[in-house]
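In the two assemblies presented below, subunit A is common to both, partnered first by subunit B and then by subunit C.
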Partner chain A sequence: MVSIQRILHRPETRFMLLGLPAVLFVIVFLLLPIVSVIVFSFWRTESYEIYADWNLDNYRTVLFEGTYLTFLWRSIVTAVIVTGACLLYAWPVAYFIAKYGGRYRLLLVLALAAPFFTGAVLRLAALQAIMGPIGVINMALGLIGLPPIEFLMFNRIASGIGIAYLYLPFMVTAIYLSLLNFNFQLLNVAKVNGARPWRAFLTVTWPLNWIGTAIGITLVFIPCLAESITPTFLGGPSGKLYGSVLGLQFDQTGTWALGSAMGVILFAVCCVVIGIMWLTINLKRSGFTGAGR
Partner chain B sequence: MANAGNVAVGIYDATKRFGRTTAVHRANLEIRQGEFFSLLGPSGSGKTTLLRIIAGLEDPDEGRVVIDGREVTGLPPYVRKVGMVFQDFLLFPHMTVGENIQFPLRMQGASKAERDERLAWIAKLLHIDGFEERYPHQLSGGQQQRVALARGLISRPALLLLDEPLANLDRELRKEMEVEVRRYQRELGIPFIYVTHNQEEALTMSDRIAVMRNGSFEQVAPKVEVYSDPATAFVASFVGHANRMRGRVSAVEGGRARLDWNGVQLAIPAVAGLAAGGAADYFVKCEHLRVAAGSEAATAGHNRLDGTLRDVIFKGQIADYIVVLANGAEIVVSEAAGLPRVKAGDAVAVTWAPEAGRGFAAEG
Partner chain C sequence: MARFRLDRAATPLVLGVMLALLYVFLFAPVAYLVYTSFARDTVWPFPWRPTLAAYENLAHLRAYQEALWNSLGIALGTAVLSMTLSAMGSIAVLKYRHRWRGWFSIIIVSPMFVAELLIGISTLIFNRKVLGLPGNVPSAIIANAVHGMAFGFLIMLAQLVRYDWRLDDAAMVFGANPWRTFWHVTAPNIWPAMLGAFVITFLLAFNNLEISFYNLGAVPTLPSLAWGSLRYGLEAELFALAALVNGVVFLSFVVIYTLIRLGIVRFGYRGL
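Up next is the complex of A and B:
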């Protein structure tokens, strides 16, 4: 008879005990929800009840009834534009902090997270107070006798600005962390060897920081696709996105099966995006030493 | 100095300040075509700053830089057509060896055929052919340094700047590379400006050496002259291994002065600035001293110090003989190892000709 003590001291037992929390986490919070959503997406909802009769109607509705695809397409376009804007804005910010931040670097990066110190709703209310019809910008314009800018509120531009504002810190942080490991001396090497500043950036800085940038792009693009709160507050009727419509299926119309199908499709799109980003990364060309001989 | 057409690089009255410190102070220098020139000095002496001024990585606050007869002061580095090799190799980690080496040609817009031809040529010259497809991290330190050299040389620049390129290599490899670097310079005929704090490197490779301290030149001269005829007390103490004797000048007569060093009277060559009553430093290189048993008589006119041989440090061909004098001072003598006539504990005499050393009026 092997005593319990002996079993506990076996390496295999320890391995299992230590690994258990991680495995449980993945199962409970990742696999179960995904599996259940996938299962629901093939079921049917009627009058706030869900029935387990297997069918493809939900997918047919989402993929062939124009409205849902329109929302999906609108979300993708918004995500592309917002990600691009974040990229253009984040690079100089991250570059400046990494190169000239000195001992205040960490503080500056933490300051970027300031919007997260308050809740999402308060953050959006603040944006309304700045960009809204009676917000700071339009009041200032009124004071100097100019007409108000109307495109700043309750449309897709407004919700785009709101989403970009929300996710910009992720992009900056990802690029900044990458630049921390970047040897700026390499730029001197490039310049001495005949590279003009733009050429040096494109041939040295950009490729050596591509992984960080790609992570930033993914971190902004993916939540952008699923974004629902911001368009609800800032988007107005024309600014409604896929994520908002998806949310409606659960908290208003009670069509969970349809909502699940929408979720599965969103999940698939995200997988495609991550796959594309992965394809752009060549570990050998990343500057990571020791990767892939 | 040589006529203007022969000057590869001219630096005129260059001054560079960082905040309150003056890194380079009114530097004037002309480097000739085909010359191997070293900037030698301790860290913080301004040698790297001067190199960066030539490269265009720093702009001088005052003064001018002329490369190949063209004024380049204020021009950015990418139009200066100089090559540069850095201390940490600084190869581009995301490019293969071949791409690294071809980088300058690519920036100049050279055709693929030309780039490949040049790559084959330089890789063969530097014995790195066969490594073109590898990445820098797959190479040894010595190979990486060769790649860095190849990148600096492939476009046949007007000159090559080298910033302590061998500092990160181990001693064996450094010795080997010193010879190699000198060979490439001879074969290509491009002037090299070599920054180092290592006097052996400078002495092995250079035609001329500029010894720098606190942003100024102490001496600019052919290497043998820098070694055997130092212009200042600093050069005398920094280049080679010398014994320093600080004392008071008691008399100056003819070509000689008398130095009172801790109660011992030494004859030293008189130079401008030495006056009776003034303090002076007298430097004599360890290998110019001779050690002999105390009973042996010194050659007439030579200086003689009596003491006890404390230790013999064997170094191979030569040995350092540490002699403790009656006044407590230590003198180091480098002589052929295994002198049979003296051993530790013996009473010995150290002798040398006064002209073997150099005296300077003491600073401060």
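Up next is the complex of A and C:
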């Protein structure tokens, strides 16, 4: 009895008791499911039933039968462009909030999260109602006698705008949180030493905030790559993305094994992106001095 | 010299305008949605002839009520589960300088970097085909909680980095058991962080489509109802429900903000 008491008092035990439930939760309810997707991707589905004969047919279908690869490539291109656009827009905005936000900084950032109170489907439907062919923007243009803006209608640019709409706040928040711990006086030092603003930004601000930026890039790129809701009704017929096709395997055609293989490929691409981002992070170059201050 | 000074004033101005435009972009659909919830015709709600018809219909439409209760149940279950697990995890990682704390943190945060679609289909496959469970609310709660826990954990970490764990040790030295220490010392200090984790995970799960959808089978939620009715055109009732949710959340923020300003509660641990 005494020994159990003593074991319970050890910091090691306390750490395990508190931390293990969360870790086990991830392992049981995320890692095991992903492992089962990987296993299923090598199996075979026939009329909504799945059979355990090991084969590579699903991968052959996805990788060599044109259409799936086209969707995947289209998703990757969309994700790269949308992430790039988010990065270009988020940096100045996050910089403004961090540097000039003053006592309203927190409020300004929280306001970016406020749209999330409404479900993505409804917000996108409203966005469509604003941008679509009979949407507010084009109707207003029509009223004053101007031609409608074509690119706001059902196509890949429209779905790109929709995806950026959903994930841009993540990028701003990630960069903002990084800038919050950035010492802006370093810029004065750079200036005193003769650096022009752009040079100071590229050699001081950017590298010192790269970790936050890389996290932001990853947080936007991954959901963009897997996006299935937005393209389905903003993208029009030519805008279908990999995520939508992947979802169809599960809720309509019932080809789970093929869907699993598509999922594994998607997961692999995500892992490559995370790996690349991980390699670009250099703790010393980022001015990392340990947790906390 | 004059040009230089102009540059310095112009930069924050341009950045500020960019921020303002971002707010317009982010909030225009939400505003449109609230506006349309009062309209007779959701496809072309102009000119403005307000009506409360959609709100009145909500009171006796069973489908919406059922979906609302399911969504609330999923959100509540997810929030409680993710808050508890992420609070325990963050205390473990911050309080005990164990050599595995880096690995634990990475594992707990990792679901954030897995696409929702993948979480949805993989738990569907695992529950249905490996465990043989039917699609229901508990499995949707678990799948959402995996995702929510990562967010909750980060929120807790950010708030608790500066918490002084010696307060807990002091209580223990005076003979409090761990449970008592938590309720009388730790919880009163860290509750704003826990509330933050709760609110965020609640909202994420409430509005989630992709994770819940694959785990629920035929059980309707508000997002899946909206998704299902998209091809026939959205009804004003859905807009009204979303407007109500926005109103409730906004009001509770106003209340919390007022309480903070009046000094009745403190947000975040700021030391003693």
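The definition used in the following text is that the second predicted complex is superposed on the first by the 268 of 293 C-alpha atoms of A that agree within 3 Å, B and C clash if a C-alpha of one lies under 4 Å from a C-alpha of the other, contacts with A are read in each partner's own complex, and residues count from 1 in each chain.
One rule holds in what follows: a contact is a pair of C-beta atoms (placed from the backbone, for glycine too) under 8 Å apart; a residue touches a chain by one contact, two chains touch by 3 or more.
This one's a predicted model, so the numbers in the text were calculated from it and none came from an experiment.
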### Task
Of the two partners subunit B and subunit C, indicate the one touching more residues belonging to subunit A.
C
### Task
Check whether A:G119 is in contact with subunit B, with subunit C, with both or with neither, and answer first, second, both or neither.
second
### Message
Just to be sure I read the superposition right, which of the two partners does A:A226 touch: subunit B = first, subunit C = second, or both, or neither?
### Response
second
### Query
Just subunit B (first), just subunit C (second), both, or neither: which does A:G216 touch?
neither
### Task
Return first, second, both or neither, reflecting whether A:V26 touches subunit B, subunit C, both chains, or no partner chain.
second
### Message
Going by the contact rule set out at the top, does A:G239 touch subunit B (first), subunit C (second), both, or neither?
### Response
neither
### Task
Check whether A:L186 is in contact with subunit B, with subunit C, with both or with neither, and answer first, second, both or neither.
first
### Contacts of A:A129 with subunit B and subunit C, given as first, second, both or neither
second
### Task
May I ask you to decide whether A:G160 touches subunit B, subunit C, both, or neither, giving the answer as first, second, both or neither?
neither
### Complex contact set, residues of subunit A against subunit B
183, 185-186, 188-196, 199, 203-204, 207-208, 284-290, 293
### Query
In the complex formed with subunit A, which residues of subunit B make contact?
55-57, 76-84, 86, 88, 90, 92-94, 103-104, 107-108, 135, 137-138, 151, 155
### Query
Which residues of subunit A touch subunit C in the complex?
11-12, 14-19, 21-23, 25-27, 29-30, 32-34, 36-37, 40, 50, 89, 92-93, 95-97, 99-100, 108, 111-112, 114-127, 129-130, 134, 136, 139, 165, 168-169, 172, 177, 218-219, 222-223, 225-226, 228-229, 233, 243, 246-247, 250-251, 256, 259-260, 263, 266-267, 270, 274, 291-292
### Summary
Per the touch rule, the subunit C residues reaching subunit A in their complex are 12, 14-16, 18-19, 22-23, 25-30, 32-33, 36, 43-44, 85-86, 88-89, 91-93, 95-96, 98, 100-101, 104, 107-108, 110-119, 121-127, 129-130, 142-143, 145-146, 149, 153, 158, 161-162, 178, 203-204, 206-207, 209-210, 213-214, 222-223, 226-227, 230, 234, 238-239, 242, 245-246, 249-250
